[in-house]
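Heads up, there are several structures right after this.
Each of the next two complexes has chain A plus one more chain, namely chain B in the first and chain C in the second.
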Partner chain A sequence: MMNNMENVIYGRNIEKKFKKFKLHIDELKVPKGFATALIGENGAGKSTLLNILTGVRVDYKGDIKYFDEQQALEQEGILDRIGYTGPNNFFLPHWTVSQVREICSILFDSFSKEKFDAFSKRLNIPEGSQGVRALSDGNRMKLTLATAFCRETDLLIMDEPASPLDPLMRDMLCQLIREYLSEGNGEKSVFFSTHNISDMENVTDYAIIMDDGSIVEQGFVEELKEKYILVKGEPEDSERASKYLIGMSKGKYGFEGMCLAKDMDKLAGIRVSFETPTLSQISIAVMKQHTGLFQG
Partner chain B sequence: MNMIKCYNRFLAKPIFWLINIVYPFAAIILVVIMKEEILFSGLPKIFLGIMISTLVLSAEVLMDHWIFGGVFRKDSYNLELIKCSPKGRTYWKNILIWDSLRRVISVFMIGIITLLFLYNNENKEIAEYEILLYFTTSFFTFLCVYVCRFFQSPLANMIFVYISLSSEMIVVWLLSQIQNMAVVVSVIVLSDLALLTANYITGMKVFERSYRDE
Partner chain C sequence: MKILQNSGVPIYQQIAEQLKTDILAGKYTEGDYLPSIRGLAQELKISVITTMKAYELLQSEGLISASPGKGYYVNSQDSEMLIEQHMRRVEEALSEAIKSAKIAGLSNDELIETLKTLLSLE
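And then the complex of A and B:
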C-alpha cells in the first residue's frame, strides 16, 4: 500500500532548530485521500511541523512539495487549497465572531459566508457580536474549524483540533472529517495532530508518531495493528517477557506491553495472551520506548 | 484588494461606526458648541484648543487599542488566520497603510475645522498659538499611538496619554518661543510623516518576524 500511494505532502530533510530542540525529518509522507494523525508527546515538534507545512513558519531547511509532489507552498494557488486550524493565536482576541466571518471572506477566495453560517449553526458557535476573547477554548476551536471547513480546499491541516472540544464535539469533528474526505472522492486529505488518540482513532487512516523532533513510526493504522501485538501476562512472567516487549507496564495483577508481531514466537513458553492493540496503545508504547520514560 | 474594504472589515461594527461617524461628528459638534459659546463661555479660547487636543489624542489612542490592542508586542499575536492566507501579507499591509491615512485625515480634518471655526477673525497671535498646539497634538498623537501598540493594557495606554498631554504642553510652550512658525510647523509635519512611516514599518516587521524565531 505504501509504495503505490500518492502523497498530498512530501517532505525531505526538514530541519528546524530552536535553542535546545531540533526538528529533523528525513522523509515525510502524508498520503492523499486519507486522514493522517500526527501523534507525539508535548514538545515532540508536532506544532512546529504543522506550522512549517502551512507557511505560518518559514525559517526551516528542507524541501516540501504538495499535491502529488509537484508544487511548493509559494506557488500561486497552493495556500488557497490548504485549510489550516491552529490552537492558539489564530484570531486577534478583540475580534468578534462576525468580524472573523468578514475577514475570512476577504482573505480566502473560496470562503463561503453561507457555509460559515451553516457550520456556525451546526457547531453551535455563539452568535456574531460575541468577542473571540470571551469565547471558551472549545468555542474558539469550533470557530477556527468553521473558518477552515467552509472553504473549498483539498487539504486540511489541523493542530490539536480535538483537545479543547467536549466528547460530543469530538464526535462531530470526526463526522466532519469523514464528510470532508468522502466529498473529495479520494482527492481531499486531512492531516491533524492530536493527543486524543482514542477519540480520533475511528477517523484515522494513517498515523505518524513523532518523538524529540523526528518521526519514529508511521504507517496505515491497519498495518500498524498487524505490526504490533498487545501482550498480557501474569506478574511472575513479566521478567522473562520484558526482553521482547516495548512500552511495558507492570501492575499487581499482571503486565502488558507491545511486541512486534515478528517477535511473537520468542514469547513461546511464557504464559501470555495476545490481543490486537488500538492505535492509542501502539502510540503510547512507541512513545514510551523512544522517550525512555516509564521504563520498568 | 481594496484598502478601505480591508480596513473596514478589520473593525468590529461598533468600532467602525465610532471611528467613521461618531468620533468626527462629536468633535465637530464640540467645536460648534464652543464657537456658539453654548458651553464654556467663560474660558479663554486657548483652553478650548487644549480640550480638542485632549479629545483627539485620547480618542485616537483608545480607538487604536480597540483596533490593534498592543499588536507590536513581541509576545503578542501570531496572526495565524492572516498568515495562512495567500493574501495575508497584502491584507495586513493594506490595514496598516489605511490606518495611517485615516489617522492623518481624521486628525488634520478635525484640526482644520477647529481652526476655521474658532479663529476666523481672531488676533494672529492666538491663531498661531493654536496652529502650533494642533500640529504638536498631531505629533504626540502619532507618537503615543506608536508607543501604545507595544502595550496591551488600557491602563498603560492611559498613562501614556497623560504623559503625552503633559509633554505636549511643555513642547508647545518651548516651540512658541521660536519666531519662525513656518519652520516649526514644517519640522512637525516631517516628524509626523516619520512617525507614521515608523508605525507602518514596525507593523510589517512584527508580521514578518512572526514567521521566524526573532
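And then the complex of A and C:
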C-alpha cells in the first residue's frame, strides 16, 4: 500500500544551523491524504522544521516543494492552501474573540465566519468582551485551531496542537482531523508535531521521528508496528537478549525492549513473550536508542 | 461495526473480519461500494491507514476491488471459496483444541464428548 504514495510536502537537503544545533534532513516526505505526526524530544528540531515548512522561518538551505504541482511556498496561492497553528499566541493580547474573527476574515480570503462560529461552538470557546490575554492556554489553542479549521485549505500544519488541551478537547481535535481528511477524500493532509503520542495515535497514519536535528525513523504506523516487536523476558536472559533490543529496560523481575522483526530469529532459545507495540512505545524506544540516555 | 481497542486482535483485522461477514451475509452485494476509507476511519475513530490496511487485506483475498478515485466495491462472490475459507478456519480452531486436549491429557472420546456438550449448549 505504501509504495506509490504521493507526497503533499517533499523536501531535500533541508539545513539550518544554530550555534549549538544543526537541523539536517536529507529527504522529507509527508504523504498526501493522511495525518502525519512529527515526534521527537524537546530540542530535536520539530518546531524549527515546521517553522521552515510554513514560512515562519526563511533563513535555511534546501529545497521544499508542496502539493501535486511541486510548487515552492513563495509561489502564488500556495500559502492560501496551508493552514498553520503554532504553540504561541498569534493574536494581540487585547483582541476579543469576535475581533479575532473579524480580523482573520480580512486576512484570509477563504475564512468562513459561519464555519468559525460552528467550530467555536464545538470547541467550547468562551465568548465575551475580555481580550485574548484573559484566555487560558487551552482556550487560546482552541481559538487558534478554530481560525485554521474554518478556512478552505488543503494542508494543515500544527505545532503541538494537543499539548495545552484537556483530554476531552484532544479527542475533539482528533475528530476534527479525521473530518478534515474525510472531507478531503485523499486530497487533504495534516502534519502535526506532538508529545502526546498516545492521545494522538488513533488519528496518526504516518509518523516521522526526529532526534538531534535529523529524521531517525519514519513510516506508516501499520508498517512500523510490523517492523518492531515488543519483547518481554526473564531477568536471567536479559544479557543475551540485550544485543538485539533497543530502548531496553531491565528490572529485578524481567526486561522489556523493542526488537526489529527481522532480528526475531536471533532471540530463539530465549524465553520471551511478544507483543505488537503501540506507536508511543516504538517512539520511546527509537528516541532512547538515539539519545543514548537511559542505557543499561 | 464495533472495534475493540485492547482485544489483542489488530484493529485492521477486526474491520476486515466484520466486512467479510457482512459481505458473506449479503449486506453488501456485488458491485456495492464499501464505505469510503476516510469516512469509515472517522466513524470508527481510528486512523486512515488502519482502514486502508483492512481494505487491502480484503482486496488481496479477492473479495473487493479498488476503483481509482471512487473507492472499493464488492466483487462477485464465489460462495464456494467463502465456505472453503470458513471451513479452513474451523479446521484451524479444532486443531488448536486437539493440541490443548493432548496437553490436558484428555482422551479422544472425552474430547468428542466435550464438543458434543458444547454443541448441545449452542
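The definition used in the following text is that the second predicted complex is superposed on the first by the 290 of 296 C-alpha atoms of A that agree within 3 Å, B and C clash if a C-alpha of one lies under 4 Å from a C-alpha of the other, contacts with A are read in each partner's own complex, and residues count from 1 in each chain.
Following the convention adopted for this analysis, contacts are C-beta pairs under 8 Å (C-beta built on N, C-alpha and C of every residue); 3 or more make two chains touch, one makes a residue touch a chain.
Note that the structure is predicted; figures quoted are calculated from it, not measured.
Participant: Check whether A:Glu179 is in contact with chain B, with chain C, with both or with neither, and answer first, second, both or neither.
Facilitator: second
Participant: Let me test your reading of the model: by the given contact rule, A:Glu102 touches which partner, first (chain B), second (chain C), both or neither?
Facilitator: first
Participant: Would you check which partner chain A:Phe90 touches, where first means chain B only, second means chain C only, and both and neither mean what they say?
Facilitator: A:Phe90: touches chain B, not chain C.
Participant: Mind working out whether A:Ser47 is in touch with chain B, chain C, both or neither, as first, second, both or neither?
Facilitator: neither
Participant: Please determine whether it is chain B or chain C that touches the greater number of chain A residues.
Facilitator: Partner with more touched residues of chain A: B.
Participant: Applying the document's definition of touch, where does A:Thr194 land relative to chain B and chain C: first, second, both, or neither?
Facilitator: Neither partner.
Participant: Touching A:Glu222, do we find chain B (first), chain C (second), both, or neither?
Facilitator: second
Participant: Check the residue A:Asp205 against both partner chains and state whether it touches chain B (first), chain C (second), both, or neither.
Facilitator: After superposition on chain A, A:Asp205 lies in contact with chain C alone.
Participant: Can you give me the overlap between the chain B contact set and the chain C contact set on chain A?
Facilitator: Common interface on chain A, chain B vs chain C: nothing in common.
Participant: What does chain B use to touch chain A in their complex?
Facilitator: So the residues of chain B in touch with chain A come to 1, 5-6, 9-13, 66, 68-69, 71, 77-88, 91, 211-213.
Participant: Hey, which residues of chain C end up touching chain A in the complex?
Facilitator: Residue list for chain C touching chain A: 10, 12, 36-39, 41-42, 45-50, 52-53, 56.
Participant: Along chain A, where are the residues that touch chain C in the complex?
Facilitator: Chain A residues touching chain C: 1, 33-35, 174-175, 178-179, 181-182, 184-186, 201-206, 220-222, 225, 276.
Participant: Inside the complex, what are the residues of chain A that reach chain B?
Facilitator: Those in contact with chain B are residues 18, 54-59, 76-80, 82, 84, 86, 88-96, 98-100, 102-108, 129, 147.
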